[in-house]
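What follows is a pair of complexes built around chain A, which joins chain B in one and chain C in the other.
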Partner chain A sequence: MKSLEELKAIRDRMQGQLGIRNESNDKTRIVVGMATCGIASGARPVLTTLSDAVLSKGLKNVSVVQTGCIGLCQYEPIVEVFEPGKEKVTYVKMTPEKALDIIDQHIIRGQIVSEYTITAIQG
Partner chain B sequence: MMTELSLNILDVAGNSVRAKASLIEISVIIDRQKDTLTIQISDNGCGMDDEQLKRASDPFFTTRTVRNVGLGLPFMKQAAEGTGGSFEIDSEPGKGTIVTAVFGLSHIDRMPLGDMTETIYVLITANPDIDFIYTYKLDEACFSLDTRELRNILGDVPLNTGEVASFLKDYLQENQSYVSGSYIV
Partner chain C sequence: MYRSHVLVCGGTGCTSSGSPKIIDLLKDEVKKAGLKDEVAVVQTGCHGLCALGPIVVVYPEATFYSLVKPEDVPEIVSEHLLKGRIVNRLVYKENDQDEIIKSINETDFYKKQYRIALRNCGVINPENIDEYIAMNGYEALGKVLTEYTPDQVIQIILDSGLRGRGGGGFPTGLKWKLAKGNDADQKYVCCNADEGDPGAFMDRSVLEGDPHVVLEAMAIAGYAIGASQGYIYVRAEYPIAVQRLKLAIDQAREYGLLGKNIFNSGFDFDIDLRLGAGAFVCGEETALMTSIEGNRGEPRPRPPFPAQKGLFEKPTILNNVETYANIPQIILNGAEWFASMGTEKSKGTKVFALGGKIQNTGLVEIPMGTTLREVVEEIGGGIPGGKKFKAAQTGGPSGGCIPAEHFDIPIDYDNLISIGSMMGSGGLIVMDEDNCMVDIAKFFLQFTVDESCGKCTPCRIGTKRLYELLDKITKGNGTLEDLDRLEQLCYYIKENALCGLGQTAPNPVLSTLRYFKDEYIAHVTDKKCPAGVCKALLSYTIDPDKCKGCTLCARICPNSAIQGKVKEAHVIDQSKCIKCGACMEKCRFGAISKR
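On to the complex of A and B.
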């Protein structure tokens, strides 16, 4: 079973890595709506899928955070992507599968997945 | 409507985040003798005055400006009271808030506890500036995690990065299963 001793070893390994404490403005932020509406529509697995993918793909300058309700409850789960110097992209009615597409296509390759955006849904 | 109690917990703990808490304590205490499952979420956030407190479990009251309803606490209250349990909120402005929900453990309408590991993991990693104390107790067996203790070990290595986050998930999962044994909540 995992013990806190193991955490010490991890710390020693990670302290040697540069850049992990880099909280600068050149970071991409993926924001997941986690109010009652988001959670009830399935935001939790979306958020864990996103943060697991960011870790497993080793995306250094990306952080996944949560926010409250932005007043578009009927479109939850909502994921917003803030890239430095670019306009915010709002993805709606997310699922863990769609979340992986966003990581692969938008975050890694820089191609917005337009069919999942709020503009595509609202017309 | 939530499908598992761990989602209610995630939701109600979100209130503590919005209340600018720096420390949030979450406990799940199962007592098979008394046949109860007790969930308590307490924070050191901004708290509520008497007027807000009175209306906090009213679905048509919210402090938000983006919509007119607030269903987080009402959902939890309904889920608890529907199992012959109870629901209580204590709060003091400037001090914090304590939400306590007691469920009838074996009541047919009690929702499953669900994935507490996911809930705690999401709360800790998505709110890197807040400390959490999580306690899970099944009769006499108990597991507790305090992020302040983890931070003491980690120094300036953040909790939500790489290996630390994976460690956290496994640590939560393993300890929770160890305490639960073969019992499914």
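On to the complex of A and C.
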């Protein structure tokens, strides 16, 4: 190790991965429905896409977690976004591609992707 | 990239309750479920709740599972990791009425703690240097080498108010300053990891859970005093700690964080391990250095102090593991940050190993000034079985007892000394009404007699005589003159022993005499042990009114001391009774009592 930059490079690479072990209450939580209905309609790739994107884009204070069935099985895969101090947003019939849109538009830029939300789909 | 991390405690407590098996099974099941690329299984250091091991923590939810058995593993994988359904029956609950608590930091056990020395224990994989670096590891060393002069480093440590965590509480910065002031061609930095107090495992947990923090701090100390070589003196009885330290030293050398020209600053520093053979006296600083030199571990007179002539007669500093574990955080966060915690003369936090009659046996780190009551009742979860708190023993064989009347005393160095105990390295053994204080004093003296190195007469012969007097008292043969003799001998040993071990060996006797003299007198004049511990002073009797003559006790007695016919009251033959208590335990009618 000859420079602080080398140390910093290792730290930055690892911090993204260890950020998952940080617990704070002001985090944005992205919750993926992973009950049988969710898994059957393809929630696993959605979940992995989301967590990979959070890590690779270095998003701090965002955690991707699973949950069970919320009762709207026909709309699975469902992804809900809980931002501190805001109302939750429910996205339905998700795919890995749509999940990336949510990361780019909602999580990073703060704009809800209204066409994927449950209100848009239910009409 | 993993979406979930499963942390399994690999501290000594959890390892002995089977965590390696859990890790293997988790890895198998995760693989079987096709989650190998999504879920990482990580072995960490101690989480502190050793009584409830093996402990498994799942992130990002921070779900805290306790008492996990091998047969629980498939359920954790298929329910929690695959479907996101937390396995409620395994989640740690503080008591049965509680609603389930899902996050660790919400529990009473963790809520009042503040972790500096233990900050990475249970959070990172101690066998992976990259994880340590991710938690700002080696940044303090980098900062010191590129921004500060050695004098500035020493000033920061002085300003922080950090005092030695190994027992005496000597200001760490002052120790470094003295060693820096002595010119020599070679100086040494030593780490005392020869933790030997019965019931203490603070340093062990730091070494097992976060070995790099000690290496980093020793390098900082080396830079501050001008030393290029460090030694860690660690007990051979700590195999996991030794193995992880070796690995950590190899990784640090590979990264160039130990060795020549660290961070291109021209500063060289390397560390070697020295294994102790388990002699308690080798935790004493001069004996420890004598042992590193390759000689028999015996203390030598001071002065000269180690800062003048220590290891190999060169200026040396010796700090304890926990002391070192605070250093990088002080450098990174500043002296004011550290000094803002604690009491006037004791800054920062202290790690305690809770043991004895307490619900949450384990490891806790609290800000200085926390009261003993908070530690025992809130963090420790109180005393099992609704028994009454009698005393807490701190400082091991060198310390003393804190009785119930001082239950609300804020814990710091000076308060503990003022009531006749000491901080010590951090063992905290809780005792309830069933503990006999004379017996406790005898236990610690037995330990000192075994561990006295024999070099000086006051310790070698004095502690033996102390032990014999205590033994005589617990057998009911003591006199009131013996109590005076006991006290006199204590002061004689304190004044005349060569090293810290001997000088502090009488403390358990003195402090129990001070607070529990009535118990000593009960042993001597009434020939009774109020707590019902000392066997020679006990007798078991059967109440003829309550005895139904079921014959169970007579059948269970290992020495056939109980006589009686069926459906008639039984009698214990006191000359045959060996006072094992088996009859009392088995009697269904509560007819047998001990006095």
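Definition applied: the second predicted complex is superposed on the first by the 101 of 123 C-alpha atoms of A that agree within 3 Å, B and C clash if a C-alpha of one lies under 4 Å from a C-alpha of the other, contacts with A are read in each partner's own complex, and residues count from 1 in each chain.
Here is the rule we go by: a residue touches a chain if its C-beta (ideal position, glycine included) is under 8 Å from a C-beta of that chain, and two chains touch if they have at least 3 such contacts.
Note that the structure is a prediction, hence the values are computed from the model and not measured.
Asks: With the two complexes superposed on chain A, say which partner A:Ile108 touches: chain B (first), chain C (second), both, or neither.
Replies: Neither partner.
Asks: Answer with first, second, both or neither: which of chain B and chain C does A:Ala120 touch in the superposed model?
Replies: neither
Asks: Using the touch definition from the top, say if A:Val64 reaches chain B (first), chain C (second), both or neither.
Replies: In the superposition, A:Val64 touches chain B and chain C alike.
Asks: Which chain A residues contact chain B in one complex and chain C in the other?
Replies: Touching chain B and chain C on chain A: residues 1-2, 4, 7, 10-11, 13-15, 20-21, 32, 34-36, 39, 47-48, 51, 55, 63-66, 68.
Asks: Which residues of chain A touch chain B in the complex?
Replies: So the residues of chain A in touch with chain B come to 1-2, 4, 6-8, 10-11, 13-15, 20-21, 32, 34-36, 39-40, 44-45, 47-48, 51, 55, 58, 63-66, 68-71, 73.
Asks: Touching chain C in the complex: which residues of chain A?
Replies: Going through chain A, the ones touching chain C are 1-4, 7, 10-11, 13-15, 17-18, 20-21, 23, 32-36, 39, 47-48, 50-52, 55-56, 63-68.
Asks: Where on chain C does chain A make contact in their complex?
Replies: Of all residues in chain C, those touching chain A are 1-5, 7, 38, 59-62, 82-85, 103-105, 123-124, 130-131, 133-136, 138-139, 142, 146, 255-257, 261-264.
Asks: Quick check: in the complex, which residue numbers of chain B touch chain A?
Replies: 1-2, 7, 10-11, 14, 17-18, 64, 66-67, 70-72, 75, 118-119, 121-122, 125-127, 149-150, 153-158, 160-167, 170-171, 174-175, 178
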